[in-house]
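The block underneath contains the structure these notes are about, expressed in structure tokens.
Per-chain residue numbering starts at 1, and chain names A, B, C and D are given in the order in which the chains are listed.
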């Protein structure tokens, strides 16, 4: 396939999972659609099943003259680093990670800031002083976010217990629910979930139990189960994607590690109004003051226990 | 067979063929894909260009051929080893680990050789667990290998989060192999690595073993008539099937090491998207003939590459790859069986 | 709620979808057939439950699951019984087809927004009196309604298999089809019915996942339960009561794995996820797996 | 004359290229025993399976007591009182006697219960003398008991016309006698029997009428009183030249030596469960000698013969065997051939363990051709051994095992299921092996056959091996343990 430069602005997305997960992958797909709608780009999406396919697809998009290719996850970094030098006219961006090259960039999300806030809120709401984290598999952004959450919990209640569990996959919702119920059985009354599709089972578990609350992640999941959701640690992926795509289209893009944090409003804590009454005034003011330091750029995670 | 009877039997078959076709078209069209664009993507993405052939189709075909040969060897010996998946993972893990450990101290080719050998051994050992359970306790290998697949899956997950995790201990994957520890490419600028050549050679070798050698003959009679092989041939069939089981695992383990040193260069949790299961279809569609396995492997590789192109270029949903593969298997089965029956019915 | 009781409840929940699938596969294997396409029936059942429940409530969802499971089993039966194609390869293809088709249909029908948790579900149905039994009371009698039929299905199957002429016919077909045929039994009719029953049970397994547990459909949510069910049938040595026991063992191994993480026992989670499978291997070795399998299991009939 | 109980008129049936039946006729009068005779492959089993509704005729009529019938399956035939005991067992080994009898019963609620089925078995036992333990697993039954069970199965469905396809092929003489005694009673009580057998003499003493098939056509229909053995043989074979069936025992020939080539000394054998199957057996066989072995099912001869053939190692004792051994086991289809493979591959099967490196396929192919020619295996161009009939498979196996002049030949039931021509041929080959100096050990459940072949006799009883005189009386007594 020859490259037909300048014919159209073409953008591609590689996701590691199904775009129906209402979380990590569906948000990226929404970003791709936003690029299509706002910038009039021609878009293409492919779901990869195995690392063996990363290289192949990066190459195919490069060879067909795409301007911008997103690899949606830190795991795409190495393949992107291998392929990008061969297709200098295509810009490769991985979501997560720290790689950069001439036409290679990565988006890095300061997930820890809103996760810390979520931890503070979870600690305030918890009556048992036991809160849980529940992930799909042990991926770096998930782990980092759980650590920040734990720090947030301990900032409010230094003696609270935080337990962490992983389901082992991202799509077995029944297992997600069962893992949540196991935590609830242990006394957990707030669960921070980051398990994509399988995480839907966590909401289901909270709905079935009395006074157990969930913190969502990646997308704004407040509408999934409004009565039991305290809020969501949101990455506004569509916003991040279109920011990058605009620069690429305008040919002003500089290869770099693009930091998105609370200040850039891409990564943020979105409280759920439906459960706002659970928070005491004291808790709200405490959270607001920490958020202020984040917005000012002065926040750093306290050293963990 | 009377005409009425022929109709009665042809009817459900026709219905199934129609239904399969309908499913394919409904999925395509309801996904908003243009049928013509989709089909042309399928062709161009699989065999329609030198690049598609050498960088997509044959690269994907390599593990399928190797695992198809592993399954063929086992099934020919009467061993229902459906554990190629787990043995592949075991070989990938061990081969990858050894390649990483030795790349710095040994010359490249030596390190590579040691890594591939380790993969072979690891796959053999993983199969040996099931072989021993069968020999000593009579555990059905269909069940035990299935269990071992799950165990391997979680085992590799443990490894990439633990002992084999890359140095920064951030990502759930191993460090990346240095250039010297990678399998060389066959053509410049194409991703096809020498693993494909190994796979083809192994297919020919296995065919030769079955057709011409005494060991191959003993494997075949053990699979086709174990009691007769033991009685008339005085063959120790338990030993033959035990060894064939382990050899089959060794091939699958080698395939895993080839995948890590030839394609991914890194050990991941999802190192296999289910190659071991697809390989059963590859082997059986090839009627357990080693040379035909090469063809069947390439066919499936082309299907997968073509399905990926349909996703990229025609907006067909990703699930269509597995639908296409399944329909291809069922289609081949139906045609094959119908022809067999016509032959049986012919006077 | 005591810890033991909570654990027992988890055991029953984990076991329920497995129990349906294994029950169906038990009947299928007793007819001499291994249906690796069971995974397909489960995911199809889950999808059928989603679509139908969305239109007519949870009960309607069960009907949808039955229909979808049976549809898949019919496809399997046409290939294996009419065309006499290989069972393992057909089963593999059908699982692949069902996983792909449900995923694609879900994506096109519900878009990338998904169906969220909007599916009507069964709430736990507490049976007064029985549910206040110590330890097992809540585990057995405060479950969603999908669980209760199993308490009848297992004993009924045990009775039917050993005490009725039809059960006898099924056993004979799995052991020696030629002898069954000589006795005037239609082997293919028995195998058809067994497969359709197996498909229906696979469908109910999927329905349980959607309507009684997750409250939503997800691509690939069957997560290998069809394969596990096949192992359970072997572990249960092809008898209804054995399978019931094996299902509970698997449920316990699964629940223990959840508990291990919830109690923060110092085991890497991937290791605790692998334990049910290691456990099965050990039990099979100790119980000696081969001797009791139906003789004609998986045999290729011409 | 009344309507025939069963009547088959102008029945034709084709299997692929084979025309198995070509307008065959059979008319069976009620209350008689009717012998159906014919060479291997003449179409006897096929004709009876059509009468039983298991196969559908391409052409022709089945009539029962004067009424034309169409079966859609054997269930229809069973329902109107036809029973069939097949040439090969149609029992389910894993099930009990009672369950096998109840198999095929209809009805979800009524009818079958395990207790009622057991009761039925006991009742038939007391009525007919065919006594069986209803709770025994069929896998644990002796062959004779399995044959009884097959008949009980038919009777349990109220069979009035009973087809017996080679029922005595697997029975000991005493069991055969019992069976025939019972058959006479059955007929005397108003039943009708159809008997297929290759044992001509038995047929002619037992039956009232006889029908002979040749190449799918009926070539003789007559009352037994109006035929002679010779006229039946002529009808069977289609020419006047009867086969040479050696009836007298021959004296030892020249090749005979007195140094034993085979020697077992105090050899014992335990099975997997540790049960003693064979106790301290001592056996010696010389070159050029034929040793006969007899024993009822499970008496230990199975292990003895396998030890003698070098197929199994004993638990204790010393064994001396020659290097070249031929072995024709009882279950040929399972233990001697791989049905899906070619003749050449089945030649290679013999001692497959000893091949090294490359397989000499070209030589093996010419050997296969030679065996097929020399042993008259038909058809000569069969692609797989499985496509041959049982008799031709038997000839092929014998030819293979005698290839390369073995020093010892161990044969089990050499003529089981063979027609008289093939049987004579096989016996002839065994004798010429002996003539060329081969030591031969023959096991047979047919005592007449042993008497014509053996020079010395061993009898197994309950794991003990004893040498007895070559006399019917002595052998028969030793088999049941009377010393």
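FYI, contacts are C-beta pairs under 8 Å (C-beta built on N, C-alpha and C of every residue); 3 or more make two chains touch, one makes a residue touch a chain.
Everything numeric in this text was worked out from a predicted model, so none of it was measured.
Undergrad: So which chain is farthest from subunit C, going by the mean of the CA atoms in each chain?
TA: Ranked by distance of C-alpha centres from subunit C, the top chain is D.
Undergrad: From the mean C-alpha coordinate of subunit A to that of subunit C, what's the distance rounded to whole Å?
TA: 35
Undergrad: Give, as an integer number of Å, the spacing between the C-alpha centres of subunit D and subunit C.
TA: 46
Undergrad: Centroid from C-alpha atoms only, then distance subunit B to subunit D, rounded to Å. What do you get?
TA: Whole-Å distance between the two chain centres: 46.
Undergrad: I need the residues of subunit A touching at least two other chains; which ones are they?
TA: 18, 138, 168
Undergrad: What positions in subunit B touch 2 or more of the other chains?
TA: 154, 157, 161, 318
Undergrad: Please set out, as single numbers or ranges, the residues of subunit D touching at least two other chains.
TA: Within subunit D, no residue contacts more than one other chain.
Undergrad: All pairs of touching chains, please: list them by chain label.
TA: Here the touching chain pairs work out to A-B, A-C, B-C, B-D, C-D.
Undergrad: Note which residues of subunit B are touching subunit C in the complex, please.
TA: It comes out as residues 9, 12-13, 15-16, 19, 23, 27, 30-32, 80, 82, 133-134, 136-140, 142-144, 146-148, 150-151, 154-155, 157-158, 161-162, 277-278, 280-281, 284-285, 317-323, 325-327, 329-330, 333-334, 336-338, 341.
Undergrad: Mind listing the subunit B positions that touch subunit D in their complex?
TA: 212-214, 216-218, 220-221, 224-225, 227-229, 231-236, 344, 346-347
Undergrad: Residue numbers of subunit C touching subunit D in their complex, please.
TA: Residues of subunit C touching subunit D: 162-166, 168-169, 171-172, 175-176, 178-186, 294-295.
Undergrad: For the complex, give me every residue of subunit B touching subunit A.
TA: Where subunit B meets subunit A, its residues are 45, 49, 51, 55-56, 59-60, 154, 157, 161, 170-173, 176, 191, 259, 263-266, 268-273, 305, 308-309, 311-313, 315, 318.
Undergrad: Under the touch definition given earlier, write down the residues of subunit A that touch subunit B in their complex.
TA: The contact residues of subunit A facing subunit B are 1, 12, 18, 44-47, 49-53, 55-57, 59-61, 63-64, 74-75, 78, 137-140, 168.
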